[in-house]
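Below you'll find the structure, written out as structure tokens, and then a few comments.
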């Protein structure tokens, strides 16, 4: 896995291996925090930050980590960066933290973070690893924003808290129920587009 | 347990269905003897088990009752010429099972002579069980209820499965058919005597004759015929399809439950059709092999429905002619009853040992609706006498999940068709079950 | 106190069911409910690990982290506890009950990165629950998760036979289905106020 | 053995580095967080009684629904101008926590919802101004939830009656407490109001 | 056994060949669905009688949307269009009968659309849906438009009257203000029972008239389209539990009869819990289903935040139906005996 072009890395992270829609990994936040675009976006940013930092760290010290304790070491690194994110958010953006503090902490359990560390960063040099973490995080972020737009617009008639429509067309969309519907319908639609226009086979159904 | 005489609470099993009986078309018509066919087609395989081996060559003269095919093992029986004449062909001919099967064709010489040497045995009561069994096998007797299982096999239960009851099946639960009904009215003594022979062979002290309560006259007549034999009980049963299936019959008469996947003898029972009993009597007392049987030709697709005593090998076309011929709208010809019978491509197929009836349905009565999705109405679950879930079995098979169907006890289905009959979505469960059993068998090999 | 313990149990099993009301544990939820067998195996393993690791976490939180104000390390410590316990359980089960290990071992590995297993100690810490309350939350969450898994598996087995439009087969329809179950579970809402 | 050592070293180094990072971040953020929290609280209190000139001081603890809450006194130039309390009401799926203030006549001055877990879209409408503004100037006896049109009392939001009742009850409990502590001759007997 | 005709023997008069059985029941899915719709006719008429033209337009919009949604979805999915088989009609009708007369017309339309497209067709169409489409449709609009969905008009018993007074349903009053208030509103106990029986009360369109619903239910029972297992156990459980736990004065003081005759219990028990597709098909499982739905209804009505429990109870039991069917598979004839022998 040397010589991967940055273009490919980004295309992969955002489309081909989009963590949410294609790899179906780390689905919980996709439903949990996307009742509004803003929360989805911030969650995405948090994940993007963690993934970039984790990939960077792992690739930097990949030769130092003993292969036998590879996974525990990665988890430790992830937990560290998540804690950092958690502490920073708790201090500087209190309002958002109230809503999604628990989910920020749970980033530590996201398989997508661990799997990129294991699959990519442990085998690549610094910059490609950073790019990969960033691209995957970006794919994640975009997916959350997409779901957030869908739900907030339908559920509250607003975007990023600003009223767009003068009514709340389908309140249900901001409830958990609606989150699941939104995910299912969006995935189905993306599958359909993929099959129709790109000859794909649809999403896999993953681990975490 | 009810007494045999009580009118209302007849015994039965749970599940089952009530299709229109349509027996009134023929039930009051005394049996007529069908004309001797000009040409008899006698398949070598009319029974379950190994086909018999032809003993004759083309051109050979044969007499009525002459053995023309010999049994090819224990689970096999011989076949006999049903008319006198000359063998004109040996080859594959259409068979009521829907395929072409090796058959011996005899052109009649018009004389209809019995083969010499038939032994009358007025004192047959003295024969031993083994001798009787040999006579039954040599006479080519198989179950006339439709399954055509060689009777002598059923008469040789293994020692570890002692049999203590013989049950004669006079249920005739299939709609339309009346051949067993007429047989019971017309030859009750033969049946009772046949029963006694069966009991003797099996060393059994108790016999039941189970008859559905829609045949009160037959119950009367059979009771009278068995009056002198206290060990034989005539047992009226509730009218319900498939009361005649042996497991259901055993449940209704002696209230025993044949284990799933098991045989009647697992609960000490041997079941025979009433016609089989009569045939046994004919073979033992008069030395006559099985060359003719009662056949009901019925349905609104023939002009004059009738009961016939017909020779084995008589083409369907001849019997239908004798029943006034097909009506304008005749659309489907079925060998057997409407529930379990097999529809025919051609009228050239012959009557065989298991042909209890020929049913001709007019176009107006043939359902051509296509099937739809299962709406899970559970009518089939209620109807299934085996207490299976035909809806699930059907769904699994429809999607090719044969193993799952097996998990849902596919193998216990005996294809009675009750589920398919009641399905409002017209789902062809029996067809699927047959397919799945075949697929599973293929996989095993 | 017992009333509160009971309330916590019922609330976490039904009303605030982790899957249908708090949207956690989804990866495993979708991953193991394709077949009933795996759903049951996961239910059993999950509930056991859940309760034990919650108890361990509680003790460490109360007697180590609170006294030394190490609360800010809870993420690292709790995931460490879960991982260590799962590793230990894995090793012990392999030795002591190999048949059980053969049946349930594969689920152990999956559990480490499950968010519920981490969420429960975190909630216990945030809410300052006592030992029995923590156990109630763990047990309730386990029961609720098991219920969700088993319902979902039984429905997905049936869905296997259905003519679902191509683009929706697999995960999309599973999501819609979960949404419908969550809609039904809204019936429990408002029954208990925590 | 040597491998064990290498493993240990590798883990320990990572651990120490990580602990260092986390400790550092904690050290820089925790005062910020602490200050932010304090400021938040002060601002919230201040928002309840903007005229106060001195810092608002805690006056005591009280309990409602088995949980502890506080109350405060706001002064301007040493004179009491308002009383503030934290309180809560039992809502649809959560306790709705709030901050209320009354003037010296024991009329409601303001309400701030601090937190709740009501259904988004239904119960969370209690946070909206039209509902909360109704409370301004109401006396204890007027704090009754009515399902129909009303100016005199508090009008429920249809579809969120339970949440609205929780807020109304919580406010009333708080007003009652403050009236008992500081009121003079204002009716506070619960029995007069149908609960 | 689909052997083709053997060519050497020209088939005689075009005989039809198929696998048996060769006779089939007269019953069909269409007949069942239209009969159930017919059984709802009395309740529909009562709805129009009490709630006027509004009711009629809601019913029409709902049914038309359901049928169109079904046809269009099937067209898009390239499946045979079976919109006239009566099941979409029935679903549409039930959605309409489950909303109050106060709602704007887009609400039944959204309800029917969600019922048919998301709940039914997305899951494979008739026979494959897991949840009762009409009830999901209703739950969806209840959560999405809670305000309108919990605003009930008083019955007016006049076809033309357009502006009716809003009021609370009997269950709403019972929950919010207690039995005394309920009796005050209806004057006397006998007047209360009379009004509940005939349907002169606020509520969703079709649920108010117990008399009309029982008439339809009797028809379905006589035709054997439904059996007693689910409705009777459902209603009995609600009755028993509300009697035991429903009273303010202690155990066994609840007004069970009010609970039985108000809300959607009668309609739910006879017309919705009985939906074949979404309930269990094993009889013993149906009894569990009925008892479970009854217990959940009582639980939600007495303990939950929402006065009406039938809809959620049935939807919750829908979740369990596949599990119940799976766990309670019928005992195959002779299976127990076969096991015995093996031992």
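Letters A, B, C, D and E mark the chains in the order given here, with residues in each chain numbered from 1 onward.
As a working rule, contacts are C-beta pairs under 8 Å (C-beta built on N, C-alpha and C of every residue); 3 or more make two chains touch, one makes a residue touch a chain.
Please read these numbers as outputs of a predicted model, since none were measured by experiment.
Common partners of chain C and chain E, by the touch rule above, are A, B, D. For chain B, the chain whose average C-alpha position is most distant is D. Closest chain to the protein centre (all Cα atoms averaged), using per-chain Cα means: E. The two chains most heavily joined by C-beta contacts are B-E.
If you average the CA atoms of chain A and of chain D, the two centres end up 34 Å from each other. Note on chain placement: the centre of chain B and the centre of chain C lie 60 Å apart, centres being C-alpha means. Chain centres here are Cα averages; for chain B and chain E they lie 47 Å apart. Centre to centre, using the average C-alpha position, chain B and chain D are separated by 86 Å. Annotation for chain B: residues touching 2 or more other chains are 373.
Counting partners per residue, chain A has 72, 76, 79-80, 83, 87, 171-172, 175, 177, 181 as the residues that reach two or more other chains. Listed for chain D are residues 18, 22, 26, 30, 92-93, 119, 121-122, 162, each touching two or more other chains.
Which chains touch which is summed up as A-C, A-D, A-E, B-C, B-E, C-D, C-E, D-E. Across the complex, chain E meets chain B through its residues 1-3, 5-6, 9-25, 27-29, 31-32, 82, 85, 124-128, 276-277, 279, 281-283, 329-338, 340-341. On the side of chain B, the complex with chain C involves touching residues 373, 395-396, 398-399, 401. Put simply, chain E touches chain C in their complex at residues 77, 79, 118-119, 121-125, 128, 130-131, 136, 139-140, 143, 296, 299-300, 303-306, 309, 311-313, 315-316, 318-320, 322-323, 326.
Against chain E, the residues of chain A that register as touching in their complex are 169-172, 175, 177, 181. Residues of chain D touching chain C in their complex: 18, 22, 26, 30, 90-95, 117, 119, 162.
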